[in-house]
Amino acid sequence: MLQGNDGPVPASWMASDFDAYPQQGRSYVVDIPHRHKYRMGSCGIAGCINTDGSMISGSKIEKMITTMGERENGLGAGFVCYGLFPDYADEYCLQVLYESDQSRAGLEEYLSDRAYIIKDEKVKTVAVPTMKPPFPLVWRYFIRPKTNTESFWRKGLDEEDYMVHMVMQINQADNGAFCVSSGKNMAVFKGSGYAKEIAQFYDIGRYKGNMWLSHSRFPTNSPGWWAGSHPISILDWSICHNGEITSYGVNKKLVEMAGYKCSLLTDSEVITYLWDLLVRRHGLPIPAASFAMAPWYYKDIDRLDEQLRQLALQLRITYKEAFLNGPFSILVGRSEPNVTMIALADRKKLRPLVMGVSEDGNSVFAASEECAIKAVQKDAETWAPKAGNPVIVRLGEGIVRRGTEAPFQGVRL
Amino acid sequence: MSVQTVVRLPEKYRPVVDHELCLRCKKCVRACSYEVLEFKDDRIRPKPGCVACLRCVYECPAQCITVKEMEPQFAHHAVFDPVLRRSIIAQSNSGGVLLSSCGANVEYMDIFSHLLLDAAQVTNPSIDPLREPVETRTYLGRRPGKVTVTDDGRIDLQSSSTPLVVMDMPIMIGHISLGSISYNAQAALFQAASELNIVAGTGEGGLHADFYKHSKNLCAEVASGRFGVTSHYLKEVSSVEIKIGQGAKPGHGGHLPGEKVQELVSQTRMIPLGTDALSPYPHHDIYSIEDLQQLISVLKESTEYQVPVGVKIAAVHNVGAIASGIVRAGADFITVDGLRGGTGSAPRVIRDHAGMPIEIAISAVDQRLQEEGLRDKVTLCASGSIRSAADMIKCIALGADVVGVCTAAMIAMGCTVCQQCHRGMCTWGIATQRQDLVDRLQTPVAAQRVVNLFRAWNEELKEMLGAMGIDSVESLVGNRDRLRYIGPNPRIAEILGVKHSGEGWG
Amino acid sequence: MASKKHNEVVIDVDERNELGHPLDYRELNEKIRGCISSGMEKVILKGVTGQRYIASAMDDPDVKIDIHGTPGNDLGAFLNGGTIEVFGNAQDVTGNTMNDGRIIVHGNSWDITGLAARGGTILIRGNSGYRVGIHMKEFNGSGPRLVIGGSVHDYLGEYMAGGTIAILGIGMEEDVSPVGLSVGTGMHGGRIFVRGAVEEHQLGTAAHVLPLTDEDWEELQSMIEEFEHAFGLKPSRCRDDYVKVGPLDSRPFRGHYDKTNI
């Protein structure tokens, strides 16, 4: 039976050697060495979406991310795919990294109390010769939360908040299990290794979806930790982040006040929770949420027309704890109302971000470096979004925003 | 027949004149309001009573005066130090409560010097404030917590709107009343606040008619004595603060003796000439937290919800829980005044021995409000001897949105912290009502000096923010990850929620 | 003069290693250096996919490198002689701390183009990104020239200490400025020519809009000619279309610091 606790040491796997830190009899695979706490660093991000609904194979995103070889050092990489399970599109897909079969048994008991497990299966993994064991056991569950239990109605949450709460509980607990994705019709494949290795580990080429995002790490502390790689996901949100957040302490306090628990020991985590909080829970339109996270300077806000100026000020003042200070470029994926890719750079554009679109307009790409786009689409027209200006691309709608428009275009008052 | 009960205390300071350079202009004699210098037998000679206010040094055209600290006259004793012995002797003389002024004069209280700031290196770029924007604009007031979005996805600006005061820098000039300081001094402070576009507190002495022109940069204080509080006063200013307490004298009220209540003070405080101006210890309509809610509500109603209404408390043991209660009672901002805060007059015993240092207080309040999910609703102001831009930025990192500064502004105007304010003979024309002394303070010069000081601090703030890779001050508020403790007591670090120097992120 | 065929070599770069990474830039650059030292005067690279530091520290004025594909970051870093021509887009930090030589890009370049350049010429046919020409300088009579055919984003010419930048705004609408915000912030030398308007709020600290002198116009025309020659496009030749952004002071932050002995 799982116990929720407030301790900050969740399950983890080390993909490389380190000295054992025996702590309360747990196996070394599960522990994070206590001095290697925080990971930060410059990385590579890439994404692609087919707006006409056609499918993209995992090998395409693999090619994109591996082109940017200089942006990784083998300590973490990951992929997320949307539109992966059309037959189970109404169930939440929990993809979980397990330390052992016992952890799996424990979590399945916990889950079955709280949800109907419609289907579960082992996720195919391959032992990659260049990667060091031990490897986690990866499992996938398609679930529907039990909304008729006392536990559910006593919390007074709606179904999605309940799912968030459940995932936070699972990942905080000392149970040898880590849930890396929890959205519908999508899954996250990540771990500690080079992008190519992670792609091989999960045999990523066997999957097809409407949209892929991926990330390769260059953290500045040594061993990687499987759960700490990107994409970082909650519900249908997933984030690939390049940069470092100097306002982390402030952002963390806001999301923790709203009930999220930061368990990944990486600043990128707060970005995921901020999007969930601002867009799903507060209902902000995407350009408004982007503005809150990368607001204009006051001197430039003062030059806007009165109504927009009021809007800008209100967003900036109300959400000042959501302001992500420091360099960043992020790719954000979500499924509501339809599969969407959002790309955003910080307001000083201190991290690179390039977009590309195929000549027929149906395939849109995003990457840290243009070479990643050109490697899979030679005829792509490329452009760079402006600082703090979101790019929005949606299945069925195409490019909704190029990232060069006026700040609140599309926001209704 | 009375018995001689007064024992004279040994002198602490003595002005020493270099008679060779002395021009015999006698400016120093006129300068000293404590009548310590006299011209006798062709020389300037000192009498007892020097307080080291340094006015004579400033005025001497030959620059030939030095104020020397006298060698301690008492035999050394480690436990009964000179200050203690002097206190006992004085009390035996008078039978009265010892008064003093300015902030706590006790050495062990400064925690700011044990805190170190982070900087951006490699993993993050630092920002150059001279060439790239580093923003210090701050808003004071309650925030709604979220921007309202209608069901059909439109943003509703009206319902998310709350009254806010804009400040160009996160500095507030703290409340100092007309009565504790002079007209010229207050004029200088208000002028500086207007020029810098920040907020200055009016203090509990009401607002002189001449100063209404600055009202958009003023915060009205509603203290227990309610001096000068009229509807007109409340409606003109930018914000209103209920003063429950003051860091220098927690639990105490105020006392302005009748001889200082001259025409000016009488008019502004709206009390009869020559009476004592007493501020009761508690507000006599606030005996519990629900009463505070009542006062806040009536103030908001009376100002038609146009201005933020806040509360100032002294930092005491339970300050976190008290602050939480105050937020729930409807306050839009809370000022926490720490133990080392200044005062025009307070009993020594309270000034030095009661309260909590602001570093700990602001961390406690910030953390407690955070835990209760209330932190984003209010603005937190912290004061209590913020002595430099370094103190300011550390205070912000510990949890304050705004810092209140008083003593430093006084020093900018000429104050030398000689701690004689309660005697009303301030030779610099600041803490006095004697017209001949007040005239010494030239308002435009004093205002300019305060403006210079805070501008310099704001530039330093930007330099430090930029060095940390932060380009807007709101991303530092309560960001305790950017501080490290390097003092003697690691337990303090724990209480502050700050890691020890050498510990990394995580 | 040796025939072209003799002194020319083609290197096809399009291969991937077992980690999926394209040909390692170290290998590629070594190959290029090898070709140059063995007397090649023209090196043609095909299928370039993001390899970095190509032709960095090259100092042979007779060598030309043609790049087909997308060169990676720091193209021509510390370049000290020779020509690089890109048939496609370049990435970030093109011409990093360049001292001499020419870089021609038939496309866009992204952020930080011409960082700290001290000499040489960079010609970009299309647009460029943020912090273009940051901290360009002059020394001993040589000054770098940077010409961008389209537009750039914020912080153009930040910290500029010397050299000349021209933003030609080709293909842009009349009322849209081809430069972003904070233009020339911290400028204390050099000059920036912009075709189109630069408004007050776009200027950074210490930058001012100044009138074009005759000498400026001569220099600008010469830069426009170079641009035309490289790309065949025809930017405006009307003097009134251009403004100059420059510093008024070589020590613009003089009063900021206080040296009192505390």
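Annotations for the structure displayed:
Lettered A, B and C in written order, each chain numbered from 1.
Just so we're on the same page, a contact is a pair of C-beta atoms (placed from the backbone, for glycine too) under 8 Å apart; a residue touches a chain by one contact, two chains touch by 3 or more.
Please read all numbers here as calculations on a predicted model, not as lab measurements.
Distance from per-chain Cα centroids to the pooled protein Cα centroid is smallest for A. Judged by contacting C-beta pairs, the busier of the interfaces A-B and B-C is A-B. With centres taken as mean Cα positions, subunit C sits 36 Å from subunit A.
The geometric centre of subunit A is 47 Å away from that of subunit B, both derived from CA atoms. Distance between chain centres (mean CA atoms), subunit B to subunit C: 54 Å.
Residue positions of subunit B touching 2 or more other chains: 132-133. The multi-chain contact residues of subunit C, meaning those touching 2 or more other chains, are 155.
In subunit A, the positions touching at least two other chains are 299, 348. Interface residues of subunit B facing subunit C in the complex, by the touch rule stated above, are 128, 130-133, 456, 459. Subunit C makes touch with subunit A in their complex at residues 16, 18-22, 24-25, 48-50, 52, 69-70, 72-73, 88-89, 91-92, 108, 110-111, 129-130, 153-155, 180-181, 201. By the touch criterion stated above, subunit A contacts subunit B in their complex at residues 35, 37-38, 40-42, 220, 244, 246-250, 253-254, 256-258, 265, 282-285, 288, 297-299, 307, 310-311, 314-315, 317-321, 323, 325-327, 347-348, 350, 411-413. Looking at the complex, you find that subunit C touches subunit B at residues 155, 158-159, 182, 185-186, 204-206, 253, 256, 258.
Residues 120, 122-125, 127, 132-133, 135, 137, 139, 143-147, 149, 153-157, 160-161, 164, 370, 373, 375-376, 468-472, 474-482, 504-506 of subunit B are the ones touching subunit A in the complex.
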